[in-house]
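The data blocks that follow each hold one structure.
Two complexes follow with chain A in common, the first pairing it with chain B and the second with chain C.
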Partner chain A sequence: MTPLLAVEDIHTAYGLSRVLFGVSLEIAAGECVCLLGRNGVGKTTTMRSIMGLTPPSRGRVLWQGRDIAGWAPHRVARTGIGFVPEDRRIFAELTVWENLDVAGRAAGRRSRWTVEAVFELFPVLRALRDRRGGFLSGGEQQMLTIARTLMGNPDLLLLDEPSEGLAPLVVETLRVKIGELKTQGLTILLAEQGVDFSLALADRVYVLEKGAIRFSGAAAELRADKALLHRLLSF
Partner chain B sequence: MAASFLFSQFVGGLTTAMFLFLIASGLSLVFGVMRVVNFAHGTFYMLGAYLAWQAVQWLSPTGENFWPAALLAALGIAVLGAVVERLLLRHLYGREELYQLLFTYALVLILGDAAKFIWGTGQLSVTRPPVLAASLHLFGAEVPLYNLFIMILGPLIALGGWLVLNRSGAGRLVRAASYDREMLDALGANVGTIYTGMFVVSAFLAGLSGALVTPIESVVPGMDVEIIVQAFIVVVIGGLGSFWGTFWGSVIYGQVLSFGILIFPGFSLFSVFALMAVILIIRPWGLFGRPIR
Partner chain C sequence: MNRVALGRSIPWTLVVFLIAVWVPALGSRYDTFLGTQIAIDALFVVSLNLLLGTTGLVSFGHAAYFGIGAYACGILMKTYGVPFVIAFPAAALIAAFFALIFGFFCVRLSALYFAMLTLAFAQIVWAICFKWNAVTGGDEGLPNIPYPKLDWISSLPGLGDLSIADEFYLLTILMVALSFAILRQVIRSPFGRMLTTIRDNPERAAFIGLNVRAYELAAFVVAGGFAGLAGALYGIFNRGAFADYVFWSKSAEVLIMTILGGINYFWGPPVGAFALVWLNQEITSYTQYWPFVLGVVLLVLLFGFPGGIVGGLVAGYERLRRMLRPRHA
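Our next item is the complex of A and B:
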């Protein structure tokens, strides 16, 4: 069976500074795969490469068997890949509702996710409907970013460090919500530095180090092997 | 000083203001959304005036077909804007701002010379459309109906523009594009198309104001540079990229110019430059603008 997404040996650089040196990974439909690694190893760059925001100079990005490497980001989004950036990038001057509405219009494809449906998933946002994005707390912004991307009805969600900088209680809420999305059948690629958050959700794990994959295997395997964890991530 | 005289100065200032608003709003919109400072915006205005004159000659030199001629001219400039953005300007996004400045300045020179080549260096004028040729007596002053029309059109366009930007789906997309182009792209919107749309709307407004100014002012080479300087002063006063800032900036500019002449008769632009200097010192980001983060 062809995987939903297969990244094959991609090399990506920002100008002269090379970040990825031949990253390959696969995600099957319905899986939750985690991309683990410390700060600056290339997790965000891997996601930006898939999304077309920083196109790889070499290698292929196969989406349902079709090479989409080098496509403009809006085309990638419209094929069904949703990106939730690490820095959230809420449209700060737009209200919560406007942020969601814009995302629905931007995607331009029929979505099972309506504003009402994402409010069901994140009830907090319903109460904040008319508040400007810039006036939300970090956790609320993170929920809005995920909700906004869902408006485009993605088949695959690229989640870049959703737990970063959030209070433990909020992180726990997010974990439950992402778990719900997974249960609903959404395929997820999750980039994380923290092992607890990611291993609780992931089926499989890739560990990135210095722009290359150093480990790939079942989440349970990594969780059980403390020595390996320590060597790869110094936990 | 007679009240009627003051009132007619006020009307004159307001007419200037509304023309400036139509021009400066396009300049401000393109900067606000695309971060491009378009020097050629004044050139679009001038070419709109020339095209309107030309269209009037073709359709009816006596003036009864002024309105279709003005619309034709504005549409012509909108097409020119689309060509400029799609074929040329597009390649300069994301580069240093200096390249965009040089490019739009080059357009000023090239299109300005092209206009001289086609229409010569003389003054061209258009008669006022017959419907609005009369004048109205208000507070003892004589107010031409055409000026009144401009004074009503300006706020209507301001209100319409504000409604579109703040209350429509297309407006929300435009605002999102101005805050974070890349993020909107990643959400699936073709930001390139939005940019083209913005540039075309902006060129249309410039062309329309150029066409509408022809019954009041004669069409001459150099009106492009003259208007772009004034439009820049307006957006600096109001705040670059701020919609209502541009509106109120225009109103303030028009009134200061109109009454400033009474105080410093020899230096018509002195008072506006002085105003701009003061505002730049107190609020460098303009009256309605925001400090750049």
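Our next item is the complex of A and C:
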């Protein structure tokens, strides 16, 4: 079976500074895969490469068997890849509802996600419907960013460090919500530094170091082997 | 939130129109003349602000579409004897068409490069207007654009005998008000919200699936079309179309008006147009050093009120309201 997404040996650089040195990974439909690694190892760059925001200079990004490396970001988004960036910035000038509406229209594809449906998933947002994005808390913004991305009806969700900078209670809520999305059959690629957060959600794990994959295996394997975990991610 | 409520609960376009209608009856001929100039500039700046304030694109060459509108309307009316009712919308379409062609290249660049390319295209248009004697009259310009037939305005009940200038003023404010109503709808529509997302962050807009260039181009074309309408009115108002209309200093002037009034508000730029035209008239009657005074006024405004005149007024209103409100509320 062809994986939903296969990244094959991509090299990516920002100008002269090279960040990725031949990263390869695969995600099957319905899986939740975690990209673990410390700050600055290339997790965000991997996601930006997939999304077309920082196209790889070498290698292929196969989406349902088709090479999408080098496509413009809006085309990548429309083919069904939703990106929730690390800075979780919403459109500050628009209200919560407008943020969602804009995303639904921009995607230009029929969505099973309506504003009502994302409010079901994130009831907090319903109460904040007419609040402007700039006036939301960090956790609310993170939920709005995920909700906004869902409005584009993605088949694959790229979540870049969703738990970063959030209070523990909010992180827990977020974990439950992402778990719900996974149960609903959404395929997820999660980039994280937080081991507990990601291992609780992931089926499989890739560990990135200095722009290359250093380990790949089942999340359960890492959960069980504390020594291995420590060796891979000694902070 | 109250800021939004304050702005949105009042149909400003209608209010201003209803006030402006009285200028010929209550003011002097000179007031009507200034009023016409301000109304035309107001439309020109609002069209520019669709790019600047709404979409976040800085155009240094917006005068190109203003000038194209003036020439198109003038050439159609004078050379081909086309009536105003056709020449006027045609001017907008022709200006929009050129905006489409130039914009196609401009939106491929970002920020400063976008601005420079808009300037480059505008200067090309200027050079053509300046040199193509057979069509544009070259450096002589295109004088004696005929006035449209407007006697029907005087025959409307309650208006009585109006001078040609009064009639043209009324026509101008009506056209400007209609254009404002349309542009207001455009900005509030889902399309307008898309433009806001681009201003906020083009990259973010792209990865939610928005074709940023296509939307920027659409905004560029709409802005160009309405600038063309303003230009068409201006050509008739000045009884001629001249290459100055397209020169870069005209583009700079419209940018100054827009920033002076405040780009974050729909009514900011028209207030800026009003202020600049009025100041120009007042100050030149006292001193010949108008550019010097203008420079000082701009410096004070930019440092004192970075949000422009309207931004400053709104901030002052908010502060006043907070001071008057009881502490425990």
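Just so we're on the same page, the second predicted complex is superposed on the first by the 234 of 235 C-alpha atoms of A that agree within 3 Å, B and C clash if a C-alpha of one lies under 4 Å from a C-alpha of the other, contacts with A are read in each partner's own complex, and residues count from 1 in each chain.
Definition applied: a residue touches a chain if its C-beta (ideal position, glycine included) is under 8 Å from a C-beta of that chain, and two chains touch if they have at least 3 such contacts.
The structure presented is a predicted model; accordingly, all values stated were derived computationally and were not measured.
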Chain B and chain C placed together on chain A: clash or fit? clash
So in the superposed three-chain picture, is A:149 touching just chain B, just chain C, both, or none of them (first/second/both/neither)? both
Quick check for you: in the superposed arrangement, does A:204 touch first (chain B), second (chain C), both or neither? neither
Inquiry  = According to the stated criteria, A:89 is in contact with first (chain B), second (chain C), both, or neither; which is it?
reply    = both
If you stack the two complexes on chain A, which partner ends up touching A:43: first (chain B), second (chain C), both, or neither?
neither
Practice item. Could you say whether A:182 touches chain B, chain C, both of them, or neither, answering first, second, both or neither? Key: neither
Residues on chain A touched by both chain B and chain C 51, 53, 72-74, 76-78, 83, 85, 89, 91-94, 98, 101-103, 105-109, 148-149, 151-152
Per the touch rule above, chain B residues touching chain A in the complex are 169, 172-173, 175-176, 179-180, 182-191
Residue positions on chain A within touch of chain C in the complex are 51, 53, 72-74, 76-78, 83, 85, 89, 91-94, 98, 101-103, 105-109, 148-149, 151-152
Listed in rising order, chain C residues that touch chain A in their complex are 190, 193-194, 196-197, 199-201, 203-212
Chain A contacts chain B in the complex at 51, 53, 72-74, 76-78, 83, 85, 89, 91-94, 98-99, 101-103, 105-109, 148-149, 151-152
